[in-house]
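Both of the next two complexes hold chain A, though its partner changes from chain B to chain C.
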Partner chain A sequence: MEKTIVARTGNEAMAEAMRQINPDVCAAYPITPATEIMQIFSSFVNDGLVNTNLITVESEHSAMSACVGSAAAGARTMTATSSQGLIYMHEILFIAASLRLPIVMADVNRAISGPINIHCDHSDTMAERDSGWIQIFSENSQEAYDNMIQAIRIAERKDVSLPAMVTTDGFIISHGMERLETYPDAEVKKFIGEYNPPYNVLNLEKPITVGSIVLTDYYLEHKKAQHEAMKNAKKAILDIGKEFGKVFGKEYGFFEEYKTSDADYVLVCLGSTAGTTKAAIEELRQEGIKCGLIKIRMFRPFPAEELAAALKKCKGIVVLDRSEAMNTQAGPVATEIKAALYDAGIAKPMHNYIYGLGGREIYIEDIKNVFRNISKDTKGSNEVKYLGLKEA
Partner chain B sequence: MSTKPNIKGWKDLNVGGVVESGTSEHFHTGDWRSKVPVWQEKNCIQCMNCWAFCPDHAIKVKDGKRAEYDYAYCKGCGVCAEECPKTTIAINAVKKDDPNAKIDSFDGAKNPTFAEKAAILMVSLKDAKEKFGVK
Partner chain C sequence: MANPKQSALVEEKFIGGHRACAGCGFPIFLKQVLGSTSDPIVVVSATGCLEVTSTIFPFSAWKTPFLHNAFENSAATCSGIEGAWQSLKKQGKYDKNVKFLALGGDGGTYDIGLQSLSGAMERRHDMMYVCYNNEAYMNTGVQRSGATQFGQHTTTSPAGKAVSGKTQGSKNLTEIMVAHDLPYVAQTTIGYWQDATKKFEKAWAITGPKFVNVYSPCVPGWGYHMSQTVKMSKMAVETNLWPLYEVENGVYTITFKNPVEKRKPVEEFLKLQVRFKHLMKGDDKSKAIIAQIQKTIDERYAHLELMEKATNPAAK
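Moving on to the complex of A and B:
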């Protein structure tokens, strides 16, 4: 297959994926740093490069509501947002998931107010981790582009039928220009295939009620059905990641392992920090510290068993959390990993750092230091540490 | 007539919990009723207001004319009595002041003047059963 090599920012890459996906409907509201995605996409609409009905609305709450309406009418539906926009969608996110509408959203990670801040952290996505959406993180523009294409297939698969969000790190990926390999329109179109919606509220031949009240008698059963769909999403993500590899040359799974096979210490993180960590690992290995990285790609559903198995051999674990859970016990990622290890009967020293909140820079040296710290500590620590904190 | 959904467990639910049309036929709102509307055919002018305003399908139509209630679908909301042009304003006043206490005094069977004017009136379920033979 002939790939085109271009220079693109994360936002441009996601907009390009949306152009190739050519959704029936997009309903969106602008918000930094995701604005560009829909801005670029709106020019595609204007230039007739897509057949999309672009609905401009007055808020993100309305954007997601319009997406729910459109998806319930059987249209392939997409949107993009960030931070306050995502959390303003909060109540409709749960509805989209419970109605099993495979809406795909680009979410550019940005800190949540307050204090008000426009830069990257993962607080927005983590605030919606229980909404029932599939959550896929990207390390760079290429992954953002690839993940958008795969997310359509994952979300729309019959045994899944759940909405999915693909995230990039605000400004770091969204506005950083990188090398991007794009695939021919026809190949992407072939890969995503025709959309066969789970139901269609506008089908007059078969009238249905969508969103009816379910009280004490069947609410529990509805949630169980969603739970099973989320389990199926795990399988779908693997299957489609493999198929994507066969067609486009890069295979995707639940997480990426980097030099973990002989690693004494493994660091777990999400998003662009994985790139920084890879550079730190190269340098540390020169110093004789055997370290490796696990970059989680799929956060919802959470690959607990697989992660526990991957972390089984190492001597110590570092978990970097780019958001706060405010439970004073662990960040959102570390909480999940601790639970996964407990279920697998694995107890290991673990250091959990909160870092990069509100776009605070993380340097190679910071990551080298967290590896050095865990290599000297054999007991681990339950204390949540703040990385790069100004103490005085 | 729609088919009654056969939902036993979570696996029987439609994706997203969507419901096929016409299933309200299987839902007997009459179970909730504490007051019952009574129709007096001799006073009815066939305006069909009650049929148009009934939020369920309690009012049956036969040969283009209003027929007897289907009480299985009547939750006793009283919209029909409210909208009936042959009901006196007295019943509205009493309903607003005290919906239960004085119902007997506006009972069509006991109040000949009222009975003359009312096509539809709301009475308690107990009274209806006893005096009008409604089940």
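Moving on to the complex of A and C:
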């Protein structure tokens, strides 16, 4: 297959994926740093490059509401947002998931107010981690582009039928220009296939009632069905990641392992920090510290068993959390990892750091220090530490 | 125009078996609005009495496609369905003629859903929004809303010893919708069958955004006998508390002419209902509240007469 090599920002890469996916409907509202995705896409619409009906709603709440209506009407439906926009959608995210509507959304990670801040952290996506959406993180523009294309297939697969969000780190990826390989339109079109909706309120031959009130007699069963769909999503993500590899040359799984096979110490993180960590690992290995990285791609559903197996051999674990859970015990990623290890009967030293909130820079030296710290500690620590904090 | 007998012959899209109260207003206006076109209708409803009493899983009173999303987003959700329909039609993936109806009570329309409604109307979606106004949040147990009348008792504006009901007047939502420059805006009520069906028929025939505000009495929320729903509806019109009118592309027509010298005093309407019982003591404070309600009614009707005169001098 002939690939085109271009220089693109994360936002441009996601907009390009959306052009190739060519959804029937997009309903969106601008918010920094995701605005650009819909701006670029609006040009695609007005230049006649896509068939999409762009609904320029008056808020993110209405954006997700219109997406629910559109997806229930049998239209392939997408949107993009960030931060306050995502959490303004909060109520309707749960409804979209429970109605089993395979809406795909680009979410450009940005800190949540307050204080108000426009830069990257993962607090927006993490605030919606229990909403029933599939959540896929991206390290760079290429992954953002690839993940958007795969998310359509994952969300729409019959045994899944759940909405999915693909995230990038605000500004770091969304506005950072990188090398991007794009695939021919026809190949992307072939890969995603025709949309076959789970049900359709425009089907007049079979009128259905959607969004019924479900009380004590059926609510629990309704949720269990959603739980099963999330389990199926795990398999779908692996299957489609493999298929994507066969077609486009890069296979995707639940997470990426980097130099973990002989690593004494493994750092777990999400998003763009993985790139910084890879650089730090190269340098530290020169110093004789055998370290590695696990970059989680799929955060919902959470690959607990697989992560526990991957972390089984190392001597110590570092978990970097780019958001706060404010439980004083652990950040959202570390909480999940601890639970996964407990279930696997694994106990080993772990350090958990909160870092990069509100776009605070993280440097190779910071990562090297956290590896050095864990390498000197045999017991671990339950204390949640802040990385990169200014000295008082 | 369909009279009740003719409406009864149209295949029903909303059927019996729902659990609305005996005497409830909304099943009546549903019959009127759903029976006023022979085209298929996709219905969206806000959370509220209408939705919870008609869709108790695994049952449904709907024989036409129905979608409920949340409380404040009936209009936005409907705009998404209409947007999907436009897109699929344009692409040749769907070819049926469908009409779109978004529903909400006064809570879901005047208050929590106003932004969603305003946005959908401003975007000119081809849909009709019908508000069924019963002047309080009835589904949650009669709390005040933006539509609640001055002095009205609700559970959050109770008739107390120090404060006698709601201390603010009702929002004039219909005029807010007129300000959206819609091709069709109207007020009607369930008790005037032909007025209602004539307006719905007219609205359905128009492409673009339409808004109809339906006055819909509520037995438990207002406190009257279930046999008196139609009477309540008619009394609201005869006192001018709920004038019947329509605005077509900015042209006003009062469809029930009821000048101030002819209209009944509002007290005749208020005294029939428990929600205004505290105002019937004959004391100065109660009299002042009733006078204030009357003043607002007469001012609003005078405004309507002026608007009709200015925009529609030929109106009779």
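Basically, the second predicted complex is superposed on the first by the 392 of 392 C-alpha atoms of A that agree within 3 Å, B and C clash if a C-alpha of one lies under 4 Å from a C-alpha of the other, contacts with A are read in each partner's own complex, and residues count from 1 in each chain.
Criterion: a residue touches a chain if its C-beta (ideal position, glycine included) is under 8 Å from a C-beta of that chain, and two chains touch if they have at least 3 such contacts.
Predicted model only: the values in this text are computed from it and were never measured.
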Which superposed partner A:D24 touches (first chain B, second chain C, both, neither): second
Which of chain B and chain C A:N51 touches, first, second, both or neither: second
Partner chain(s) touched by A:P207 [first = chain B, second = chain C, both, neither]: both
First (chain B), second (chain C), both or neither touched by A:L101: first
Chain B versus chain C as contact partner of A:A34, first or second or both or neither: neither
Per-residue contact with chain A, leading partner among chain C and chain B: C
Which of chain B and chain C A:A225 touches, first, second, both or neither: first
Touched partner set for A:A330, first chain B, second chain C, both or neither: neither
Common interface positions of chain A, toward chain B and toward chain C: 201, 207-212, 214, 218
Complex contacts: residues of chain C adjacent to chain A: 40, 42, 44, 51-52, 55-58, 60, 62-70, 72-73, 76-88, 90-91, 93-94, 96, 98, 115-116, 118-120, 122-123
Contacting residues of chain B [partner chain A, same complex]: 7, 9-11, 13-21, 23
Interface residues, chain A side, partner chain C - complex: 24-25, 27, 51-53, 55-59, 61-62, 65-75, 77, 91-92, 95, 201-204, 207-215, 218
Chain A to chain B touching residues, read off their complex: 98-101, 161, 198-199, 201, 206-212, 214, 218, 220-222, 224-225, 228
